[in-house]
Amino acid sequence: MTRQTRRQLSAVARHAVLSLWLIVTVFPIYWMVATAFKLPEQWLAWPPVWFPSPPTLENFAQVWVGTSVVSSGDQVLPPISLEPLHGLRNSVVIAGTATLLSVAFGLLLAYGVSRYQILSERRMFNLLMLRMMPPIVIAIPLVLWYSTLHLLDTWVGMIVVYTIFTLPYSVWMTKSFIDEVPVELEQAAQILGASKLRAFAIIVVPLIRSGVVATCLFILILTWSEYLLGLVMTAAEAQTLPVQLSKFEGTQEGRQFGLQSALSIGVTIPLIVIGLLIHKHLVRGFSFGMIRRR
Amino acid sequence: MNKAPAARKGGLFRWGALTPLILALGFLLPVLLLQIYLSVHQWTAYLGPWWAAQFVGLDLFREVLTEERFLRAVARSFIFAGASTLLSVLVGFGLAYLMQDPFRGRSFYYMLFIIPMLTVPVVVGYNFQMLLYESGPVNHILSLLVPGEVRISWLGHPVAAFASLVLIETWNWTPFVMIVMLAGLVSMPKEPVEAARVLGASRWQIFAHVTLPLLKPVLVLTLILRFLEALAEFPKFWTLTQGGPGTFTETIPVYLYLTSWDYFNVSKAAAMSYVVLLFVGVIIYVCIRALLRQKRALDIMFAQEGSGR
Amino acid sequence: MGSIRLVNLRKEFAGGVVAVENTNLIIEEGEFVVFVGPSGCGKTTTLRMIAGLEEPTSGQIYIGDRLVNDLEPGQRDIGMVFQNLALFPHMTVADNIGFGPRMQKMEPKERRRRVADAARMVHIEPLLLKLPGQLSGGEAQRVAVARTLITEPRVFLLDEPLSNLDAKLRKEMRAEIDRLHQNLKKTFIYVTHDQEEAMTLADRIIVMRYGRIEQVGNPLDIYHNPVNWFVADFFGSPSMNLLKGEFRWELGAASFRAGELCVPLSGPVPKREGAATLGIRPEHIDIHLERVPRDGDLRARVALVEPLGKDTLLYLEYGDSKNLIAIVEGHHYVQAGSWVGYSFRRDRIYFFGPDERRLLPEEAPSGTP
């Protein structure tokens, strides 16, 4: 067998294996999307309906706009007063703000650690591992503490918690990017008259742009999809989408799969879109100091 | 490494930069103290304010540590975390290995492969609930492959439910492993691999003796991160089984949540939290040591070859 | 046995980049052959194809009498030293050296003995337990060499092994490699961009440019009989002076004019006119300080003097900021700005046509009167 043949065969094998995992990966997503377009009688049908025909937008209208009424069989289901747009707004504000704050503080700290060693290596690892504590472990006293501070069910309260909890990640990730920029560049800028801060802003920040983007996305994923703390620390005012989704489920009699899917898509689509847009930046930044770039 | 010489002016800057960290810790300190208080005082919420609760010493701790339900939850957490971490590392590493060299369509695969990681865990939970439903597509596919109709109640059967959760967790987080391992593979120097080829090593030998050792730090990191995150996993359990059937999928986070918010036994939950905190802390300590060791090894390995002594 | 034969070898990369054009070459067993040329000329690609690390787009490679196109690198009975050494950073020196035998499942005791032998051959016995990160450049070099020696290959491939070393180390290691070749008497294929390395080490030099072989020959041949402008310019330090100008035919006498310079040439045949380039090496320019200017002597102003210790470089102006570099032995206390008389050694003048090719004697008047 020639090398060329061998090479072609392994390419085929590779595609086969990857395609297999591709199906496993994409199928659940496909199902969710397909179900969101199904009429109620198709939700629980056996054998299951693989392709909704005719496709309908009723589910989306019901869940997101609250206008139309969905009928299941001959029973008209009551309209669901859910105000997911309320939840959407909360999610955007809370997750967005927390992400920005976390990354900003993280950058500041990372700069300090990288250039001035304000924290030792060991402390840095301690910090990371601190984050690895299951949040549920301090959820109870946190709730009590918050109720004392009147921060329960507020935007500020959630933003503060999310910022603190994601800080270790953002510090670690941005630090690895700053480390890659030779300190000589800032020194050269300083010799030419720039202040430390200016040198950092004009020289370092542009160079670590893609890394900061990747970090932002990662923190955004964490804060947007956070569930437990949101569940126990919010009620009607500051409830985020993931919590709303579970509340929706809780109030349902029987499985409203179509509506659930329509809601779910809305909850998770922003992350998927953003993630796909910046997927090229993702490979960097997830190394936590364990990868040496050549 | 790029370390600037400590500037004299750095003093002011130091404290400025550390401020957010100090503030964060300061914010959390009362929380931890409160936790200690709660764990040694029996407080039942509807009987009065928390500061008037009765002191019970270490009773609660004793109760927790000897409770079978708690210990089973611990075991389940570990099995769940271990199994799902192992699976996602095997698959993720495999995927990364197959995708390390550029080929036509690689971007396409990559973009689709990362989607599960971007899917909110709550959504993942409800989605799989749909998939695993008795009249759902999973059973349908199995019915096509196996003679006869398959109508397994995946979430109603204890072992099946647990296994399903392990697989769902794997599905959710394999992309994370893939991304990290891919980053590691891509930044690995290629020449040692070529040298090994010339020296007659087979593909398997190259993988075992050259690739794997060079990737050990990344691998260890990934294993640790994934394992600890899996120990804390809550949304999927809560949306799919709430610990059921019975208590068969009751892991630590689930049991803790039930104790606080269902049974309202806040003090016991506090004590339990502390116990969990402690032994997770021990695990984390061991992990830190391991990671530091890996980092040191990396430093030695990549000290500039031939830079002289 | 250890001979190499390249037949119609060609390598094209994705995007249409042709790294190696249709190449044919025979390397004898035991020869020390050096591929030399500027970056991107295809020398490394050719070496890697011989090694099996790159697949040729077309053509055949024979090692000994075996067609090796379909053989993996490990099956070709070769050893290779990489430019950046490629030592396994996580293994000790001993494990690095013993890697090959270990992959062949050699008995540990036998392997240890061989490792010790190889280490002794390159004088690194005390380093056996160190890690590559703890070695100096020269030490790491030797480990890389030992690692190939131990497998006793028929052919040694070396890809710019000395480029990462400092000047002094480079000379030492060069001598080591030479010595190694003398002792082992195996075929060595060496790639470098350093013409000095090529000149000192090679039995035969293969000069490459843009994927093509420009010239093949032994060092002195290449040096004194370059086949074109490029080869002439590449070898020699300082490099050959190349003067762009033209042939003139006036009053029955031939001359070559470049800038203000006019070099009378012998005639009458062959008669040639038109643009050309004159080449003269710095060591073939004679400076006449003491004697009275003679007929045929040229004069120029000294623009710059660079004392090198053993020799001195003189920059002679022959036109608008155009300099000839001459090299003279010793130091002659010439001042920059003064005028000197000089002449070209007649039998060392080269001419190159507009197509860069060196003009043969029958094509141009020579310098010899």
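Going by the order they are written in, the chains are A, B and C; count residues from 1 in each one.
Note that in this section a residue touches a chain if its C-beta (ideal position, glycine included) is under 8 Å from a C-beta of that chain, and two chains touch if they have at least 3 such contacts.
Predicted, not measured: the structure shown is a model, and the values here were computed from it.
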Exercise for the section: With chains as vertices and touches as edges, which is it: line, ring, star, complete or other? Expected result: complete
Exercise for the section: Name whichever of B-C and A-C has more C-beta pairs touching across its two chains. Expected result: B-C
Problem - Where chain A and chain B are represented by their mean Cα positions, the distance between them in whole Å - result: 16
Exercise for the section: Report, in whole Å, the distance between the mean C-alpha point of chain B and the mean C-alpha point of chain C. Expected result: 57
Practice task
Find every residue in chain A that makes contact with two or more other chains and list them.
Solution key: none
Completion exercise
Two or more other chains are touched by the chain B residues 189, 302
Completion exercise
Shared-interface residues of chain C (touching two or more other chains) are 72
Handout entry: Partner chain A, residues of chain C touching it in the complex
Key = 55, 69-70, 72
Completion exercise
Counting only contacts in the complex, chain C reaches chain B at residues 51-53, 72-75, 78-80, 82, 84-91, 99-100, 103-104, 131-141, 147, 151, 164-165
Handout entry: Parts of chain B lying in touch with chain C, wherever the complex brings them together
Key = 189, 191-192, 194-202, 205, 209-210, 213-214, 297, 300-309
Fill in the blank from the handout: The residues of chain B that touch chain A in their complex are 1-4, 6-7, 9-10, 13-14, 17-18, 20-21, 24, 27-28, 30-32, 34-35, 38, 50, 91, 94-95, 98-99, 103, 105, 109-124, 126-128, 130-131, 133, 135-137, 140, 143, 171, 176, 179-180, 182-184, 186-187, 189, 217-218, 220-221, 224-225, 228-229, 231-232, 234-235, 238-239, 252-253, 256-257, 260-261, 266, 269-270, 273-274, 276-277, 280-281, 284-285, 287-288, 291-292, 294-295, 298, 302
Handout entry: chain C partner contacts - residues on chain A that touch it in the complex
Key = 1-4, 7
